[in-house]
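Chains here go by letter, A, B, C, D, E and F, matching the order in which they are written, and residues are numbered from 1 within each.
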Amino acid sequence: MELTLISGTANPPLAEGIAAQLGLPLGRRVLQRFPDGELHVEIAESVRGHDVYLLQPTSPPTDAHLFELFLLADACRRAGASRLTAVIPYFGYARQDRRASGREPVAARLVADLLQTAGLHRIVAVDLHTSAVEGFFPMPIEHVSAIPLLADAIRADLPANAVIVAPDLGAVKLAERYAGRLQRPSAFVCKSRLSGEAVRVDKIVGDVQGRVPVIVDDMISTGGTIAAAFQALQEAGAAAEAVIVVASHGLFVGPAVVRMRELPLLRIVVTDSVSSTITTEFPLQQESLKTLLADVIRRLHDQESLGDLLVHR
Amino acid sequence: MELTLISGTANPPLAEGIAAQLGLPLGRRVLQRFPDGELHVEIAESVRGHDVYLLQPTSPPTDAHLFELFLLADACRRAGASRLTAVIPYFGYARQDRRASGREPVAARLVADLLQTAGLHRIVAVDLHTSAVEGFFPMPIEHVSAIPLLADAIRADLPANAVIVAPDLGAVKLAERYAGRLQRPSAFVCKSRLSGEAVRVDKIVGDVQGRVPVIVDDMISTGGTIAAAFQALQEAGAAAEAVIVVASHGLFVGPAVVRMRELPLLRIVVTDSVSSTITTEFPLQQESLKTLLADVIRRLHDQESLGDLLVHR
Amino acid sequence: MELTLISGTANPPLAEGIAAQLGLPLGRRVLQRFPDGELHVEIAESVRGHDVYLLQPTSPPTDAHLFELFLLADACRRAGASRLTAVIPYFGYARQDRRASGREPVAARLVADLLQTAGLHRIVAVDLHTSAVEGFFPMPIEHVSAIPLLADAIRADLPANAVIVAPDLGAVKLAERYAGRLQRPSAFVCKSRLSGEAVRVDKIVGDVQGRVPVIVDDMISTGGTIAAAFQALQEAGAAAEAVIVVASHGLFVGPAVVRMRELPLLRIVVTDSVSSTITTEFPLQQESLKTLLADVIRRLHDQESLGDLLVHR
Amino acid sequence: MELTLISGTANPPLAEGIAAQLGLPLGRRVLQRFPDGELHVEIAESVRGHDVYLLQPTSPPTDAHLFELFLLADACRRAGASRLTAVIPYFGYARQDRRASGREPVAARLVADLLQTAGLHRIVAVDLHTSAVEGFFPMPIEHVSAIPLLADAIRADLPANAVIVAPDLGAVKLAERYAGRLQRPSAFVCKSRLSGEAVRVDKIVGDVQGRVPVIVDDMISTGGTIAAAFQALQEAGAAAEAVIVVASHGLFVGPAVVRMRELPLLRIVVTDSVSSTITTEFPLQQESLKTLLADVIRRLHDQESLGDLLVHR
Amino acid sequence: MELTLISGTANPPLAEGIAAQLGLPLGRRVLQRFPDGELHVEIAESVRGHDVYLLQPTSPPTDAHLFELFLLADACRRAGASRLTAVIPYFGYARQDRRASGREPVAARLVADLLQTAGLHRIVAVDLHTSAVEGFFPMPIEHVSAIPLLADAIRADLPANAVIVAPDLGAVKLAERYAGRLQRPSAFVCKSRLSGEAVRVDKIVGDVQGRVPVIVDDMISTGGTIAAAFQALQEAGAAAEAVIVVASHGLFVGPAVVRMRELPLLRIVVTDSVSSTITTEFPLQQESLKTLLADVIRRLHDQESLGDLLVHR
Amino acid sequence: MELTLISGTANPPLAEGIAAQLGLPLGRRVLQRFPDGELHVEIAESVRGHDVYLLQPTSPPTDAHLFELFLLADACRRAGASRLTAVIPYFGYARQDRRASGREPVAARLVADLLQTAGLHRIVAVDLHTSAVEGFFPMPIEHVSAIPLLADAIRADLPANAVIVAPDLGAVKLAERYAGRLQRPSAFVCKSRLSGEAVRVDKIVGDVQGRVPVIVDDMISTGGTIAAAFQALQEAGAAAEAVIVVASHGLFVGPAVVRMRELPLLRIVVTDSVSSTITTEFPLQQESLKTLLADVIRRLHDQESLGDLLVHR
């Protein structure tokens, strides 16, 4: 079974990086929009009997990127691909994983089902917002982690007195994983009515006094959580300089650029799961997932175990 | 079983028109986009046990409008709607109904399957690009026609010497239906190598000499087909003034406005299947589908026959 | 459509309580085990065309209780029930909601799919271990909360200086909901390497000094989490007497009884989601779900909104 | 994976021809009817793990031929075939591709779904009545064309003044493909009320005066369309001798033989997609699909591209 | 919900009888065969929202009758029928209920799945060849018995010394049911190598000496089993005159008429599950299922229990 | 594709025997029960791309053994197994193969569907209670027979005057298969109202006078059928000593041990399909299925025919 890697339009540079790692050219495909905005897809080389990987983070514009993935999958299925795997480094709609206030969709589950309908046999995802999303997919999903990669990226220059900070409760386990790898203590920000008052305030749990904070999260969207955490850290006496922010996914939407620019950041380290044109606005460092994802693809293709790459509880 | 009509964002005026015809308020829903572009949907009133109709043409931007429809359907399904019908006056991707050149998707079929996955039980569509698309849907589909409505709209002022013209072979049957209703002869434009030459030329079949052409089609997208037909009609000696164009769906994308403005049109008559802001660019007349679709919904809700409203071969 | 409520063997007293609230007799059924341990099920009255509710918490022995539910559902489906709802006050396997260490099942998703195969159309669950489990079910699920009921049960005697304590991070939101309803501050226990040391210690976040702790959780299984939280509270100077423990589900398996007996508890308040024979071992107070679930069933049957009863984020 | 070709009873000579081309014996199977008319099927050799191709045009009697195909597929599936492809050179019910007059089935879609249920993974079809039928199949379908083969068959003796004639609008594109390949002009017959009169008359579009017509169509059923076209050609002054008729599928049912005999035909050229016993009634020339279909099967088996053999728009 | 009964072509007289019992006209439908043998179906009145029953025994020609049923079901489904029940008084292919010799289909299961695909929600069958066939259907099946009806038909004239005889082991339970109802002893024919010899001989078990045999079976196909049983009865000293044969289904195919004529039969009593033109060849008495099936349909429509009409083990 | 055999807890010795025959170690897996009785499963080695066989008879406790199988299958599926076959030497719930008295499940069908949902692609079963159960499975099932193995086990010492006895009508065909292989006559016990009396008595059909009976059945559950047959044989004058009992499956539940001890048995011969701890209570001889099942697995893995091992009608 031949291996073919095809890229959607969401992140061609990452796709090219992976292909180079694999020593393969990218599968040729034509993606064009008609004047009415409808997408037309064509696979420009035979994939009959191939083990096909479609690289497409479902980053903004999520709907369009998802649709492109559906169409690419349908085209490959009809063209006789033997196995169809979607490599989705950033999985949009993951945060809509429950009905929060009543008559809502469970969008993450719906997307998982739509991907099944489009003909995909397997999914590869990176640092999903919550691990339980794994249970939404009808097909097997390989949930791999960029934490080792990102931890390595900041290890060399990490001050001895750094503290790994989770900006909210949802990131506590993530912070502990970083703390364990980097041999630093961890702390977290907790937004609660701890004192029984009406308003919720951010409180720091853990010793951050005089320490350089490394704020870690799964993703940076508008930057609001990071900015609030920074504020709380300041009030708790953490170092106000050379702050590091680390996240698997850097979306930087809405007011994110403004917010990030206002922080005294040493650097923001994210992967290239989401294609970005932001380069000079603030000290952004992108660590490429290409080696990790090329490894995942190669192992899947060669039927080898992925055990050491998966996100564990 | 209570009837609820909910509108997506693709065509709220039409939805309001239908609701008014039905004597019902539109079902309340919240549709908002998060800063990262993900759509959030919430149904703001109980639909438990209701017979719910979701009004959403999948006009440009088609992907976003489709996704909205998927999310609305999933929300209604989870909220206990008894029956879910999508009313899709304009069905995007209908022209991708076969693999034209090889390794392509059959997008129209794929969309039909995705609608099924989203939880819809039934579809209402108007003047689909080809009737065979009906066979793509796993669930029942009611395919109704706007031709009677549009024919009525031009009947009063129609010159005695008018000729109904199909701008290509695909519209011949459509033109015959109009011709029958309006008691006028029909003609068509035929793009062929009829004389064995290398280039294909537009040729008029039927008697148009000195007659006022009424060009009819299922949809106007970029206006190219209409413009070419007008050119051919001119060369064949048809009247060059007071030309009428009639189509079920008026998308007017890309160069359409420019093209339409250049024609000596008396008027362009379309339905309001697609929401449009074009009002003064050219003599556009929109006939509302509200009465037709309200009738369809009422009959479906009351379990009455739709026979006389359906598109027949 | 007639309403029929049928009970499995997991919790007949609760079923009877619900039936009494609904003013209905329980649907008659025969459940027997053959000498080889195979279960035989028979519905002893007509359910043709009925709206049938099967009451069965999937408490231990979970496998047997699930199987009973599958067989009851298949029997009702074949007997012509119009709608089949499983009311599962305690949903076993909910904690196996991801692959924790590699080649594991996602048992919660698997069970959801098996329930679908058995013919169920809808699920009612109470205080699931994580809300994301909602996304595992292919059919609609109504996820209702026992928190209002339990908060009411302790409100009258609640000391002014009580503090609501989450015994781990997973229960923080739950504790906040109780705190909001009971107008008391909240705190939580956090098991972390906060100081960078190798061992993880339980630390209290929030002011508990001299306060009477009310430990809240979604369930009590072996009681280990509660006991550890009590220990940490003691070390943090909380009152060591009249401690209250509140949980939606009281399983009390393994060393739970021993552990609970050793704590200076005023009382343990749980619902009757799980049938229990423990009555005198420790001060257990069971608040019945019968009124809540009867209300849910009646509203579902009458097609009314459940909005105010659902668990919200 | 071993390749096995098994024939139903609809066209054993074609199956044998394909097998010979592939250098394989036909897979042995037993097909017998019990006295009550029920069909019994048995595969008489192991197909476990094989790549199995079932050759069965669903020509008249269509129901029986389809059922045979269902039973063969089920037998192969249960016997462990790894991949099951139905090669259906003539696909019955293709013309029932929409609801023409109201409460009808969409038989072509239904048959596609039934083939899926019977266990088939892929379909090979030849010159379907409309390409949109491709979108009816849930599984991939390879739609190949016999036009190159048939064009080659008449090229040698084709008069210089031949004109390729489509007998109705549905065949216009087909005629153009033949015209392109054979370097001759094309024309078509058009049944319309072009002059506004009540009756519809056949009119020739294109220059046929004094030319030898080659009437092309996808299939000849009762021959009525061909006969009417001939009549119209005569009236338009086409040559009345040595007329050639070419079609992918020759069913010759009902009055076809009588009609064909009455035409001054040089020859009728069809493929052997449908098994025929007509040999001397009129000048019938059958071009075998065996080489084409053997090529398709070999490529599918060897996972090679079919691109150049597919029907394109 | 309105009730509509539509008949296929397999047994219109029975359908009319049922309709008369129900006090309803038969639903109008058009069933025609095109010259190429393809069936065209149209429902000639609205069934939107109706509770539709399709009456079609799948008697010979089984394939054609099944296909008709598939097409009728698809037409009704698309036309908006709310519930679709196939009433199949004789279910063909029921005897192919296992793989007897290896690589065969399990045709009875396949047909059950095809019926599901065609859109049927429920099946009504009469005296299936084996009750286990019930487990083949994915949808609920009501398996009713004609035994009470047939027993009543022979009770009046039954000689005091009659003995109910099962012509093979498969009919022993059936014979006991008749014996119980008719208060007569039973016996059976057993084809075994009881004495260890190579050949199998028919042996009578039970006391038949001088008694009038009533041979009962689920169906008479070619009559071979009945004829052999008669021969064995003679050898065992049973009365050679006034023999009665009773079966739920009378197919009478192949040599059946000849065989039956040769027996000294008082009468053969069957139901009208299979439409028959045999009236004078031998003393055939047809008991109509119309009352039974009208009762079944009425109860299903009115959501009443069928318990007393079902076949029990 | 690599072959991996994994055992559930139902019969590890048999699994080890099969693995030894195949020259493979058993696949490592962890199966543990949490204190609340929920099962936790983990596959402890890579199965990605493997051809996995799960050995698990669904013997008592059937529910728990089935659930274990579901969880193992789900774990393997998610871990990337290419093909998943359940080898179920004893299939529980097989006797619930129809609705016996009305509103019951068809448990055997339900279990078959649940196995499909759990991700299994194929089943291997041994001597199912009825062959029609084959038709319950949506996936292919290989139904193999232990009769040759068991017949060989008793051949050597079989007395010349032995008679093979079916203890009820359901076992007659089984007895004939043994009789044919062992060259002995057969007889059977028949529980009927043969003489018209109210009570049913066991009667022997066939010559057993003075012969040594070999009672054969598909399974021994409580031993009641065997004991009753022995009693009837005594009354019919069969030898009262050295009786042999042969069955494919030995469950020995409830009063079985007591009953067996009371019979003057030479020996009871069963396979090891069900794990047993009974060794000295009565003269039990277990013939291992390990060679047969290892052969089946090897052939399936090597894509060879199983024809000669299957149960035929």
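Of note:
Everything below uses one rule, namely that contacts are C-beta pairs under 8 Å (C-beta built on N, C-alpha and C of every residue); 3 or more make two chains touch, one makes a residue touch a chain.
Being a predicted model, the structure only gives us computed values, none of them experimental.
Chain F is reached from chain D by a rotation of 120°, derived from superposing Cα atoms (nearest 5). Once the centre of each chain is set as its mean CA position, chain C and chain F turn out to be 40 Å apart. Centre to centre, using the average C-alpha position, chain B and chain D are separated by 33 Å. Note on chain placement: the centre of chain C and the centre of chain D lie 63 Å apart, centres being C-alpha means.
Centre to centre, using the average C-alpha position, chain B and chain C are separated by 51 Å. Within chain E, the positions touching two or more other chains are listed as 46, 78-79, 99, 101-103, 106, 307. Working note: touching chain pairs come out as A-B, A-C, A-D, A-F, B-C, B-D, B-E, C-E, C-F, D-E, D-F, E-F. Chain E meets chain D in the complex at residues 35-44, 46-47, 60-64, 66-67, 70-72, 74-76, 78-79, 92-93, 95-96, 99, 101-107, 110, 113-114, 116-118, 221-222, 251, 253-255.
Looking at the complex, you find that chain C touches chain A at residues 97-103, 106, 108-109, 130-136, 143, 169, 172, 176, 179-180, 183-188, 190, 192-196, 203, 205-207, 307, 310, 312-313. Here chain E touches chain B in the complex through residues 46, 48-50, 77-80, 82, going by the rule given at the top.
Residues 122, 140-141, 299-300, 303-307 of chain D touch chain A in their complex.
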